[in-house]
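In the part that follows, the structures are each spelled out as structure tokens.
Each of the next two complexes has chain A plus one other chain: chain B in the first, chain C in the second.
And now, the complex of A and B:
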């Protein structure tokens, strides 16, 4: 069994600076991590490896420094790592990203057939949740998003049963391999890398693939292959009316003054609050 | 949503891209009507409200798109599509579409788009909407902007302007899709205002027959386990919210948020750092990567007010911020500024609200006695 895990290196903090002229992210100096949702995907793959001895390949599209994120995955137990990197891939939106990742996965599949593709439900920097579905469509695989649990996996019968978070409940779905599975947060608990794993990761080669390795059309990658374009970046503007500052000598004085002012300005709030508390009381919720 | 996050002061600089001839005939605004087990997700109605505005600016029709099983229930939902502002409803019913599954819904929605050619297609940024939007956009090879907090039309070229937070939620950006159609966007629940329901509005229903085959659909639904409503916080629909952030400094201090919340009958919310620190459950996270809320009162304790949080709660009627730093961004959009430590002010607020509510209760009881 061969599992591919698609990950992304993301900035660690919200303290990201933007270049004032080019409006692009200034990556220098911002600490990076593996997208936390992707780690749930990797852990799920590692658990399958523990049970079945599956082989795990991690892939990412990104700049040269994304190699660091791949090494982290190797230290946790992935067998092979591929960095898909090329100047022409930069500036990609989700459509162009899924095109490159799907092309890389096809190349990998031709070498060692892939049974399952895992990825996180979304990234913490883009928050789009669109690349997983994009990969599935481009590869003609089954798509299983927001998966909280893998109930059954039969590599020989080639089927998979999962629990999927749907609106208002959980769907239990039975599907076929190969499938793209996007994992929900909290679906498992991530292991720590051990010393042998870290040493192995430091020594191991991270393969580098470029546009020629995966045979892509230049018109479909990077900025050129992205139908969506950022037309402007802007900071939020303060509201026209400034916040009313509540003053007082002590915290209690401030609190009293605030509550009086709040209910004086918005008398309906008091009624709404009392009625709501009464309702909660009737439902047996202790106020 | 207030317009402070909708547009920038700077003019929009669009890249030079030409819309190919074959897309020029694409007309109309569509909203995908999401439903599961006979209930339409409220985000679909909210999108019809926004869609109405966009369609009117463009001078085109607004349509709801409804895919579902053969039961009469789906046809009844179609009538509602009109009540919330659509001019017409594209209705595609087929036994294969009984439950939501990615493959047949992608096939169905893609065929409808190819047949009737809308210029804009909006979906809710829910688990269903995001699953479907990503698949349909990739199938159509068109642009899709996720989790928009603002949508508008550029009158100069009729293009859709989609705003959303960017760079980890520290700034906003406006995204355009100039060379493909439809222009697709997802919007999260509670971001747009719910339009008034007017059952008397006229509606045209266009029934579209889809050729689908169950044997060709690989994924099967084995079961659906509905959530037990009570054990999930209902943040998006709460009238009162007390939320805590990193400024609380210690996990023990988060209980002060919970205590004030229970005194005033509020739900507990949290900022992303507070959730990441493990002080609150991820279900309680408010902001771009959490829930969007529209309460009557939102008390933000120890929350700085970064864009990523702001977009999730700016729809609140009244916002009170508690922060020791008078220059914290939260005070740029709060109605009341309580300058001080949240650890001291939260217990003080608990006492003040308790006193005030007890007085109000006593006044009410007395008034009730007098009328008897």
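And now, the complex of A and C:
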């Protein structure tokens, strides 16, 4: 069994700042991390490896420094890492990114057939959740998004059963392999690498693939292949709402003052409440 | 189990200097750092002294991330009456290449230094905390234990470059715990300011930078100092005091920093700046008399972990790098001579330090920590007096200057007896001679 995990190195969004003068995002000096959602995907792949002895290849498209993110995955137990890097790939939106990743996965598949492809549900710097689906459609694989649990994986029967979080409930889906699975946050807890893992990650070679290694159309990669236009970036204005302090003689008086204030600010709340009370009254319930 | 010639614990300037020098000489080196990447845990003002780094990487200027070269130094005495008395020194020669001092941002600098260490051939592993030292039955240090599973690693020599807390040495019984009296706690903020605004406020251009060292009552009478340094497009501002004093005074470091930032001499310089970073760190300031044992069977200690800080001149990173280099050179010489890393052989490290500025400077100021500890008024009374005297002399109000002089001296005598003054002068001279 061969599992591919697609990851991305992202700026730690908790530490990004907006330039106070130019209002642009200041990425310089912001530490980078492995996209947190991708780590849930990696951990799920590692658990399958623990059970079945599967082989794991991690891939990322990114600049040279993204190698660090791949090494982190190696330390946790991935077997092989591939950095897809080329200056023509830069400036890619999700369309161009999924094109390049799909091309790389095809190349990898030709070498060692892939049974399962994992990604995180989305990245924290783009938040689009489009890359996983983009890969699946290009490779003609089954697509399982927002997966919270892998229930069953039968490499011999070549199917997978997952729980998928959908609007209003959980779907249990059975799908044929190969499939693309995008993992939800909180679905597992990432392991802590052991020392031999750290040594392996520090020493192992990270393969570098460029446009020639994966045979791509130049018109479809990088900025050229990216129809998305960022029209504007802005920080939301902070709301100038002051905290209100309500004083009163008794707890009841304070509560009453509070409710009055609430209803004054949000009249529809009062309406809804009255309606509800009336309904209860009709049912003979005494509030 | 993995085995190396040398394991270096910590990837600050001391550990990096040691690992780099060792790896270049062909020894097998493993460097372990608990931070996510080198520099993430580290705090410095930060002034880089070129000389110490030049002796390790002569052409560092070509690739190191340097912020500004120091073109001007100011020394300010600030007190709660919003006075600022000081001297400044700008010298055109400071702005001639090669520059002597630079401001740096450690997060970036340490990363760069670590890249050099890796290129030199050392294996660097981050996010890994060393929890203890491995010893054989005879008590010789033979490796380290990390927090990770299967985490023991063997080494012929372990270099402790683990910084101010020096927990590893303490835990392994190689040194006593550091006293609060010997430790300063410093808080620091990095404030973002557009380059043009910053250059206008400090009257600088190009890569010029200004360094302000601050003393006086901004420390509320505690033994400590403040600083304000210019980076490319940010200002580093910080203040610190002896931990023992802070404990007694029940003042939080952030209160001190807020006070400094509000001072009328400082506020206009940082006005409108946006805080980018807040950090706190310890500095071992016990000086020469607080130095621990520096080497033993199979181990050496370098940098802050050894207490190599010259608090009077705010030098630490250069002592760290120099001690790291000398430690490495000692091991390289022994390896080349085919000698083992026994305590007797490692005594060469101490000798190398004695022959360098590291020990010379530490010895020179060995009386200072005690002087300040026992005479905290020195950092309170005199700066305040200087401020008051300056105001008196500079106020033109029809009073003859001779009367003003008398008044000033009378005021001094009122605050401190003649004997006290003479005593202070003598103690001062002894500590700083």
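Simple rule for what comes next: the second predicted complex is superposed on the first by the 214 of 287 C-alpha atoms of A that agree within 3 Å, B and C clash if a C-alpha of one lies under 4 Å from a C-alpha of the other, contacts with A are read in each partner's own complex, and residues count from 1 in each chain.
One rule holds for everything that comes next: a residue touches a chain if its C-beta (ideal position, glycine included) is under 8 Å from a C-beta of that chain, and two chains touch if they have at least 3 such contacts.
Model, not experiment: these values are computed from the prediction.
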{"item": "Touching partner for A:196 - first (chain B), second (chain C), both, neither", "value": "second"}
{"item": "Which of chain B and chain C A:127 touches, first, second, both or neither", "value": "first"}
{"item": "Chain C versus chain B, contacts on chain A by residue", "value": "B"}
{"item": "Partner chain in contact with A:31 - chain B first, chain C second, else both or neither", "value": "second"}
{"item": "Partner chain in contact with A:76 - chain B first, chain C second, else both or neither", "value": "neither"}
{"item": "Shared chain A contacts, counted only where both chain B and chain C touch the same residue", "value": "none"}
{"item": "Interface residues, chain A side, partner chain B - complex", "value": "11, 13-16, 18, 25, 93-95, 98, 124-134, 136-138, 142-146, 161, 164-176, 185-186, 226-239, 242-246, 250-252, 254-256, 258-263, 266, 269-270, 272-274, 276-277, 280, 286-287"}
{"item": "Partner chain A, residues of chain C touching it in the complex", "value": "2, 36-37, 40, 105, 107-108, 123-125, 127-128, 146, 148-153, 192, 194, 274, 276"}
{"item": "Residue numbers on chain B that touch chain A, as the complex places them", "value": "2, 4-5, 7-15, 17, 34, 36-37, 39, 41, 99-103, 106, 126-128, 130-131, 133-135, 137-139, 141-147, 161, 166-180, 218-227, 239-240, 262-265, 272, 282, 288-289, 296-297, 306-308, 310, 317-318, 320-321, 326, 329, 331-341, 344-345, 347-349, 351-353, 356-357, 360-361, 364"}
{"item": "Complex interface listing, chain A residues touching chain C", "value": "17, 20-21, 29, 31, 68, 192-199, 202-203"}
